Amino acid sequence: MSGSTYGKILTMTTWGESHGPAVGVVVDGCPAGIPLSEEMIQRYLDRRKPGQSRFTTKRSEADAVEILSGVFEGKTTGTPISMLVRNQDQHSRDYSEIAGYYRPGHADYTFDRKYGFQDYRGGGRSSGRETIGRVAAGAVAARLLGELGIRVTAYTRSIGPVEVRKERFDLAECGKNRLYMPDAEAAAQAEAYLEEKMAERDSAGGVVECVIAGLPAGVGDPVFDKLSASLARAICSIGAVKGFEIGEGFRAAAMTGSQNNDAFAAGDPPCARTIYKKTNHAGGILGGISDGSEIRFCAAFKPTPSIAASQQTVTRDGKELEISIKGRHDPIIVPRAVVVVEAMAAFAAADLLLSNMTARMDAVKAFYAFEE
Amino acid sequence: MSGSTYGKILTMTTWGESHGPAVGVVVDGCPAGIPLSEEMIQRYLDRRKPGQSRFTTKRSEADAVEILSGVFEGKTTGTPISMLVRNQDQHSRDYSEIAGYYRPGHADYTFDRKYGFQDYRGGGRSSGRETIGRVAAGAVAARLLGELGIRVTAYTRSIGPVEVRKERFDLAECGKNRLYMPDAEAAAQAEAYLEEKMAERDSAGGVVECVIAGLPAGVGDPVFDKLSASLARAICSIGAVKGFEIGEGFRAAAMTGSQNNDAFAAGDPPCARTIYKKTNHAGGILGGISDGSEIRFCAAFKPTPSIAASQQTVTRDGKELEISIKGRHDPIIVPRAVVVVEAMAAFAAADLLLSNMTARMDAVKAFYAFEE
Amino acid sequence: MSGSTYGKILTMTTWGESHGPAVGVVVDGCPAGIPLSEEMIQRYLDRRKPGQSRFTTKRSEADAVEILSGVFEGKTTGTPISMLVRNQDQHSRDYSEIAGYYRPGHADYTFDRKYGFQDYRGGGRSSGRETIGRVAAGAVAARLLGELGIRVTAYTRSIGPVEVRKERFDLAECGKNRLYMPDAEAAAQAEAYLEEKMAERDSAGGVVECVIAGLPAGVGDPVFDKLSASLARAICSIGAVKGFEIGEGFRAAAMTGSQNNDAFAAGDPPCARTIYKKTNHAGGILGGISDGSEIRFCAAFKPTPSIAASQQTVTRDGKELEISIKGRHDPIIVPRAVVVVEAMAAFAAADLLLSNMTARMDAVKAFYAFEE
Amino acid sequence: MSGSTYGKILTMTTWGESHGPAVGVVVDGCPAGIPLSEEMIQRYLDRRKPGQSRFTTKRSEADAVEILSGVFEGKTTGTPISMLVRNQDQHSRDYSEIAGYYRPGHADYTFDRKYGFQDYRGGGRSSGRETIGRVAAGAVAARLLGELGIRVTAYTRSIGPVEVRKERFDLAECGKNRLYMPDAEAAAQAEAYLEEKMAERDSAGGVVECVIAGLPAGVGDPVFDKLSASLARAICSIGAVKGFEIGEGFRAAAMTGSQNNDAFAAGDPPCARTIYKKTNHAGGILGGISDGSEIRFCAAFKPTPSIAASQQTVTRDGKELEISIKGRHDPIIVPRAVVVVEAMAAFAAADLLLSNMTARMDAVKAFYAFEE
């Protein structure tokens, strides 16, 4: 399988370049019978749409999704769901000047070395617009998970040096500020920080946190398809992600076993058989399999590489020069990346959730008995 | 594909439980003509073998590998390489007492929820012995990379609170201390820290760092099979890994674009066309594709969950109880995990290196012209 | 991977229903640098387009393809090639009457059993329109093969009881008759046979033969991905195919070893090293790997199941009834299926051709030496 | 995925050469809780073991299987099942003479072209011994199917020109003759035919037929993973198979729609909802999905290429010579191939049967509701 397909049972195949006619995705392996509409998908796409605040690119795109297959009379049919978004405001001319050199922090150089040519129209396949397909596919996965009462929620945990504080954490705040931060005060500080960086013609990075609530125990496969490994791949495949942590993450490396282990406990009678963990240092995953607690992970995003400040680079033929990138760019991509993290997490979890259904012979028997 | 196979072109399929008769791996897709012997594989396995110091389990295993296929007259044949290691010192009796309860921090509970039974013989498939197959497969991949002058090197970067210092960094030190730390002073401090934790019947975690040197530019696919995403999955699929960072990792999230971008430069005439990066904040990956610099990443390992100190847990039928785990366990797994990280990194890189060969039509033409 | 994706390195993911807004395909893993245009693709699609003769459905579709990604300045970029064809003449009303019952020989019943609902709009995903994606993808593969001098050619070998005769075989005839038969006399007889069947409100089947010329030796993997096994899967995945033969096929079962073995011979000096087979009973494949001779295989197509003659069937709730299918249907699908066979063969061969490039370490070394 | 792995959810990875130390297989994705023992597997292996009659090679192998993982307390655990058979009677010396030339009808030449060397020890990976892994894996799949009342049965349908007659068909006869033919008279004729061919130092081929009974409707995916396409690939991946037919196969190509369509009917009250087909020309598959009837298919095997009669061939350096193959060879492989066909059919069906469980959201909901 080539690199544009993700998943084993529930798969997505994304396609499209920043400056081609359209971008899109094909979702295959989705069970039949899930209510789905363009409106449901659009709500997710609108969260990553450009032009929502002064912190995002001024490129103007409606990003209106069209469902081309796999839905009949308002429900999924079990066959591939093809979704398409036309590119409208491509402005290739803005990029024509960069045809000759490699932008630092971008994939211009590595694509050229790999494929032997340069698509100078704004990143081509490594543009942020590639994530449109991911978000549309993730919306389908989120709908599937929603049918089972599972909910995926991501938010901005930090921007540059400004981090959300536990004591002020309020998820409802996310929708009220432009940075998707669940802490009004941190959001205000982060906005001030971003203004400062923009004035300096510079950019910023940040951390996105994500929680999957309601995932039953048993999801994830023991070795290479651990839930943790699958989330790691799904999240680290998003452009600009440089780090990933499950539960305590790097903090766990400095803890002792007695600090980091989560004790098991049983519910009060008459529910004594309800087993749960008293703490969740593990982030909801033991041995790569969900343990019934909340799944909790973080992703580190690097600062936007396109900056107006002066930088040194070279041309395709190896001549050194000094550049200053104009075009339309986000000084921070983190707020728009929140929904991308949510989408990838939903998709990875849904794929393993389906795969878990064949883990036991008694379930296989029950399924086919029902079929008779 | 089920969860015990890793890779697209170069694949490994691992099998085996801690207390079954053997563990092993099948490597498929390895090019024909690479010199390979049991001695080469054994050198890698010896680095993860138990019983090398007082910081590792006292389980005594020779871990002698047998190559059963895929090698003829000292060279790989292009067909699957099957490798097997017999378990010798299983001591299932040591584990019999745990048949009834779930060990905190272990996969007992999640396996039971997923598969409907409990393999109480020391972790079964989620035991550290599962990594024997990975290391044997990684040794094959390292041999393949070696033919191209590519070298993968991992070491212990920190144990508990003790971290290697840049100014004392000396790779040669790794082989001289029991903790694979490239800093003699840090190693001594870490040993003292571990003695203390052992006295407290507790355990410790740490961070492993890994460098891939000599990887050409162009390796990695743009979207879901980014080199970074593949390494993230490969590394996070190792039991006990809770975090992963490429290049600056989480530090990048707090940097600005002008700090984090790596400027490109060109070599002096007459090599002006040799393009390189002046710094390597990116860890050698741009847009998911290797950029010709060293690939550099870190993995956080949680402390060993098996501790002799008292812990609270529940039985399979939901009765709470207090336990203290005896058996033979490592107070720290990090030193033995170093070679596992190296193995998985080598395998992930080799797989993408092979996949990169079909990226351009001119290479396809050159290959088949040569064939005529 | 779910069932709408074919291939390992070169992949196609098809999508779309007969009566949805569009059908299409995403081709991934195609090397960069291959000249490609909508015109090239269109030539293939035009060969399967309805309405070309009185033997094909009267549904009127331009089947105009749009390339949405993966091509830049007239060449493939190495990223996914998304291609789309809008459905125009859907006429769902023609099918509304069949909403309640299962058509014999169609997938109505099996889809309902699998997915729990019935897409009564003309076959949905199991309609012949699903092959549009295959043909567009096959056109890309044929272009790739063409760059290497490899040519895939299919034609109608028989229709009902009328078979092409060896002594009259003339490939140039294919383009001159409506049935793609390389034998003018057989074509005339077959047309007469079809007229007769149409008058009887019945339908006919036939056999398509396919030849791949110029494929170098070494293509195909030894065990499950044999060239023969891959072609078998690719061809038998076309709706209506009920049989597949390589070389002598079922005739080989009645031959002896001395009759069926192909003797090897060497070219005349100075080309003594040019080894070839004197005969080609094997159809160009030994041990699942191409042997340098022509690849030659046949596919049997069942008669079109939609017939106007009266048939017995049942409704969804198990009531028996007699039906006569109206709508617009082909009395024979074989002539339109010729290009579908060609497309699938080209795709299967191209995928294995790319995969063969990593079979030897000396080729890997040569590739990366070239890269320096 | 490289070519030694078959399957999507239930996978097998085979390994081993004819003259290496052992051959084997790893089965992954098998549900937990299926009773399994070495005895169950051995019964299948004994059916393909050499030395059972004068029509099979005199190579003497016990072919005793060892289960190395994935079974605990007599049941599958859900983790990989590794199975191994040691080679005992390798006799490499018998083959040493063929080191220098290419045997007609064998893979010597194509392996050499692909991998750049020749494993002259009796076929290496393309030897019939490769099928040991397939049969062991198929035995696991057959056990899984057995739990659901599904039964796979193959037998010899023809040998050379001698075919089983419908009116004498008696499955019980298979076990009574050395050729696994369900017709005592045909078996006697076939034995006489084989004696004749052996006297002529020649060999014979034949056809194996296979029936899967009890498979529920709904198994198979609509496009590339059709049940028919999967069986075609599975069966055509067996060495020596040159043709494959589902249901009427090539006969369907000469039938009309009214002859070939199977009418649907409903059971008598009170079972009116039980829908069935009155005939089974389709071989139990409509639109690539099982329809609840028996699955019925045939495979054509070419005559054994190793013959003692004189043949022309060339050496590695292109010198022509005349050879006569000694060694120990089967004059017919069909009787021993019967269980290989059965194994591959069981495996292909079991894989798609598991995959079918995620086709509908209501089943997903039912599974996870049960889990609460």
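For reference, chains read A, B, C and D in written order, and residue numbers begin at 1 within each chain.
One rule holds in what follows: a contact is a pair of C-beta atoms (placed from the backbone, for glycine too) under 8 Å apart; a residue touches a chain by one contact, two chains touch by 3 or more.
No experiment lies behind these values; they were computed from the predicted model shown.
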**Request:** Give a one-word verdict, same or different, on whether chain B and chain C use largely identical residue numbers at their interface, taking over half shared as same.
**Result:** same
**Fill in**
Farthest chain from chain D by C-alpha centroid distance is chain A
**Asked** For the chain pairs C-D and B-D, which is connected through the larger number of C-beta pairs in contact?
**Response** C-D
**Request:** Can you check how far apart chain B and chain C are, centre to centre, with Cα atoms defining each centre and the answer in Å?
**Result:** 44
**Message:** Could you work out how far the Cα centre of chain B sits from that of chain D, in whole Å?
**Reply:** 38
**Message:** So the centre of each chain is just the mean of its C-alpha atoms; given that, what is the distance between chain C and chain D in Å?
**Reply:** 25
**Fill in**
Shared-interface residues of chain B (touching two or more other chains) are 1-5, 8-9, 14, 29, 32-33, 78-79, 114-116, 125, 218, 222, 355, 359-360, 362
**Fill in**
Given the complex, residues on chain B that touch chain A span 1-6, 8, 14, 102, 104-107, 109-111, 113-116, 125-126, 130, 158, 160-161, 197, 200, 202-207, 217-218, 220-226, 228-237, 239, 241-250, 252-267, 272-275, 278, 282-283, 286-292, 300-307, 309, 311-314, 317-320, 355-356, 359-360, 362
**Fill in**
In their shared complex, chain D is touched by residues of chain B numbered 1-5, 7-11, 13-17, 20-24, 26, 28-29, 32-33, 66, 68-70, 72, 75, 77-82, 84, 114-117, 119, 121, 124-125
**Fill in**
The residues of chain D that touch chain A in their complex are 1, 8-9, 29, 31-34, 76, 78-79, 144, 147-148, 216, 218, 222, 353-355, 357-368, 370-372
